[in-house]
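Got some structures for you, see below.
Shared between the two complexes below is subunit A, which pairs with subunit B and subunit C, respectively.
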Partner chain A sequence: MAEVIQILILGMALGGVYALMGSGLSLVFGVMRIVNLAHPVLIMAGAYVAYWAARLYGIDPLLTLPIAAVILAATGVILYKLVFEREARSAKYSEMTVLLTFALAMVLEGALGTAFTNTQRVTSPDYATDAFFIGDIFIPKGQLYAGIVSLAIISALALFLKYSRFGYAIRATTQNREAAELLGVNVNLVGLVSFAIGIGLAGAAGSLVSFVFSFFPAKHWEWIAVLMSLVVLGGMGSIFGTVLASFILAVVAAFIGAYFGATWSTLTFFVALFVVLLVRPQGIFGEKPELA
Partner chain B sequence: MSGLLEVSNVVAGYGDGPAILDGANLSVQPGKVHCIIGPNGAGKSTLLKTIVGMLKIRQGSVTFKGASLKGKRPDQILRRGICFVPQERALFPKMTVRENLRMGGFSLADKSNLEKRIDEIEERFPILGERRDQHAGTMSGGQQQTLAMARTLILKPEIVMLDEPSLGLAPKIVKEVFSIMRLMADEGITILLVEQNAMMGLKHADWGVVLDLGRTLFEGPAAEVLTDPRIQELYLGGKKAA
Partner chain C sequence: MASLDTNDVLVARKAYNAGLVQEVSKERAYWFPAIVLALLLLLPLLQFTGNYNYLIHLVLFTASYVVMASGWNILGGFTGYISLGHNVFFAVGGYFAGMIFARYGISTIILAPFAGLVAGLLGYLIGQITLRVRGPSFIISSLALVMIFRILFENWEFVGGAAGVSLKANDLPVQWAKLPYYYAFVLMAAFSVWAAYRIKHSKFGLGLRAISKDEIKAESAGINTRFYKTLAFAISAFFVGMAGAVWGEYLTYIRPNIFLIILVSVNMVLICILGGKGTIAGPVIGAVLLVAFNEFFVATLGASEINILATGLIMMICLMFFPLGIVGTLARLRKLPRILNWD
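Let's look at the complex of A and B:
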């Protein structure tokens, strides 16, 4: 029993981190219909911000988090203006963005590799190697903190989307771009801001990732599979779905890892992605709205 | 004669594509129900989209109360008092009914009265009050159309344009939809209705406009258009029996 609880806790903590990694991707897809394959490499960039802030100035990655978020959000604005804005009204837009973001991911990976080499990095604040003990069960502090911070950020995002004027505009644009525009929403501005928030979330996730996983530029390919399975299972564009999918898959992966070995744990995400696409391509929360 | 809204010789289309409208004319008289009819693909929806600024006017002019709407954005045109309820997809399916109504007031600079206005609308349309916390996408087609039409009232518009509000609804529900439209007209709102079902549309209208291949063929009092032989020709067989 203790073992099951132990695995569950570890899975949940990782699920929290995955949730933040995936929510930015989901937001950007929801509003902009951009399948952003560069999202993981942007998380990687956020991780490097945290890493160098810790290494050069000894700043705790949790304190770097807002800085990484702002730097990446600004990067998001630039990318949007340079790459995506022109495409926004094209009919083949969604397909185009897959290729565009794929190329972008390669370029950014190359840039990070050149700048920071392919050495494995990790930030190691004290709590990253510490743990709470409750009887036989241990809870690694690093994962626990990362999970809590991640959920706090996602809750703030959810409140913003649910109650603020701009949140209404974002949700409306996600659900029906044309109707939103007709009611006076500036959908181009909504696109830009959502993209910036989405990439900002990647930056925030990156600083958490920096002490939860070790990383090097090319590792983002591994994360793509994980993140794609989260957003697909959650129903593309549904942030709540992504969060729920993160917890489900992380816990399942933790159990599979514990009983069958780490290789199989990673495979959970590939298999989930595959099965969901075959069986229920709209994901858990992607039910088709009745509009007739 | 100059109307509330004047469309003259408008040429417009999608992006860099071919001209879909090519000589569209329309003169809208205040307080009346106008019905635009025409076969599939005639450009009826395109005409409404052009009026609200979603498509660029390439040639010709659109004026509202004497002022040109050319080059204006949808939000600017909305603020002048023209509301558009598009064909089928007018709502935000995963927002609640109440949130959809709030979106109706999105363009208001002063939101202090918004919740009160929404309360009034829920009183007038009790079904919307009953379902205020339900996702709009889970309501029946008729309820969704009611919500879409009621939502325009938040802004107290001068002109409401309805694109095929009867589409896919059962005859009994269609009646309700048209009675809501009549209600709006009786309050002094000018209505611009697009209907594929010419008979039904014209029966509920004061003025009829016939559009084909992006061009206005002719217009006149609804009763006269209804019996015009050219209509029979245009709809050869099919629609007129309905």
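Let's look at the complex of A and C:
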């Protein structure tokens, strides 16, 4: 029994991190209909910000989080202006953006690899290797803190979307772009801001990732499928769905890892992605099969 | 009242349909690829005058990409289903032929068609599942497929796991050692271009092109879209698998991190986008350009990281500024040189 609880806790702790990694992706898809395959590599960029801040100046990754978020959000604005704004008129828009973001992911991977080489990196603040003990059960501090910070950020985002005036505009655009535009919402600005928020979330997630997982540029391919599985299972565009899916899949993966070996725990996400796309492409909370 | 004979209508419609299928450009220069093929078949004669193994390798490499990209084009270009996971079939073909070669010593060149059939069969089964979704969902599911197969192959002890299996190199003198593979790839490339042409200008190809324009309308026009696109998936997997079979023996080893890396499938996609999706000459032009780019970057910059960056950058520029590719864009501007018009 203790073992089961232990695995559950480890899975939940990772689920919190995955939730932040996936929510930016979900937001960008919801508002912009962009399936952003470059999201994981942008998380990677955020992780490098945290890594170099820790390595050069000894700053704690949790303190770098806002800086990484702002840097990445600025990157998001530039990318949006350079690449995605002009593509909004393309006929096969959502299919086109998949290929475009895929190419963008390669560009960023190559750039990160050239700048920082493909060595495995990890930031190691004290808490990353420490744990709380409750009887026989241990809770790794790093993952716990990451999970708490991540849930705090997501809650703030949810409150912003739910109660602020701009949040209304974002949700309206997610529901129906044309109708929102007719009612006077500046959909272009909403698109730009939500894209920047989404990429900023990637930066924030990156600094958490930097002490939870070891990373190197080429690793983002693995994350693409992991994050896609979360977002697709939760229903593309539903942030709550993404969070729920993160916890479900992380716990399932933790159990599979514990009983069948670590290799197969990664496979959980890929198989889940495959099955969900084919059985219920709209995910748990998606209303209509957006992607089909 | 003059009665209209049903038979006449049917005959007329059949004639009209046949006309649609055979609609070929009068300008097309079928003689140009034939001349290129003849020259390539004679190219190894150079070996009598010195060592041109590097040149042979480049042509072989290009030809292997022509086979894969022409195969990919049948699904991605004609039918409009972009797959980023076609290297799964490259790996399946490579492993099938490579394992038989390692165990029984049968040349992979002989095994290539069978490896293609195995890959095609797998493609048919996978297509039955994944072709139920389209657009971004299909692209993402194809990516997931690569990840799944990578893990499966890395943990399958019978095929050597992550370390793979090394294959015996042939014992020809170094000057001639590459030639069997050279001829195999050049002939496969010629076959795949010819097959792509025949498919495009058949009733089947017309159906595929209808699916890529508007699947719902195609279905209501009486095309069995489900069967058509699954068959297209299988055929494209066949070509990619065939290329994989010989590629393994040429490299003298089969290993997941050769076959199942994302760069292989990206290259197939990029070649078609660069040359022109859904055209016959596109994959050939794209493959020549891509191999030239690659050699240029490796020669001047050396690093594989820059190579990834450059590949991505070329793909982005192409998608943003000429989504129709070289052949498609020139054709739209009516400036396509005659020698590139193979349709």
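Note that the second predicted complex is superposed on the first by the 287 of 292 C-alpha atoms of A that agree within 3 Å, B and C clash if a C-alpha of one lies under 4 Å from a C-alpha of the other, contacts with A are read in each partner's own complex, and residues count from 1 in each chain.
By definition in this document, a contact is a pair of C-beta atoms (placed from the backbone, for glycine too) under 8 Å apart; a residue touches a chain by one contact, two chains touch by 3 or more.
Quantities reported herein were computed from a predicted structural model and do not represent experimental measurements.
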item	value
Residues of subunit A touched, compared between subunit B and subunit C (which is higher)	C
Which superposed partner A:E178 touches (first subunit B, second subunit C, both, neither)	first
First (subunit B), second (subunit C), both or neither touched by A:S94	second
Partner chain in contact with A:A225 - subunit B first, subunit C second, else both or neither	second
First (subunit B), second (subunit C), both or neither touched by A:T114	second
Which of subunit B and subunit C A:A169 touches, first, second, both or neither	first
Partner chain in contact with A:A2 - subunit B first, subunit C second, else both or neither	neither
Residues on subunit A lying within both footprints (that of subunit B and that of subunit C)	291-292
List of subunit B residues in touch with subunit A within their complex	15, 52, 54, 74-75, 78-79, 84, 86, 88-95, 99, 102-104, 106-107, 135, 137-138, 141, 144, 168
Residues of subunit C that touch subunit A when the two form their complex	82, 84, 129-130, 132-137, 139-141, 143-145, 147-148, 151, 154-155, 262, 266, 269, 273, 303, 305-313, 315-316, 319-320, 323
Contact set on subunit A toward subunit B in their complex	89, 165, 168-169, 171-172, 175-176, 178-186, 289-292
Residues of subunit A defined as touching subunit C within the complex	35, 37, 83, 86-87, 90, 92, 94-100, 102-111, 113-114, 118, 217, 221-222, 224-225, 228-229, 232, 263-264, 266-267, 270-271, 273-274, 277-278, 281, 291-292
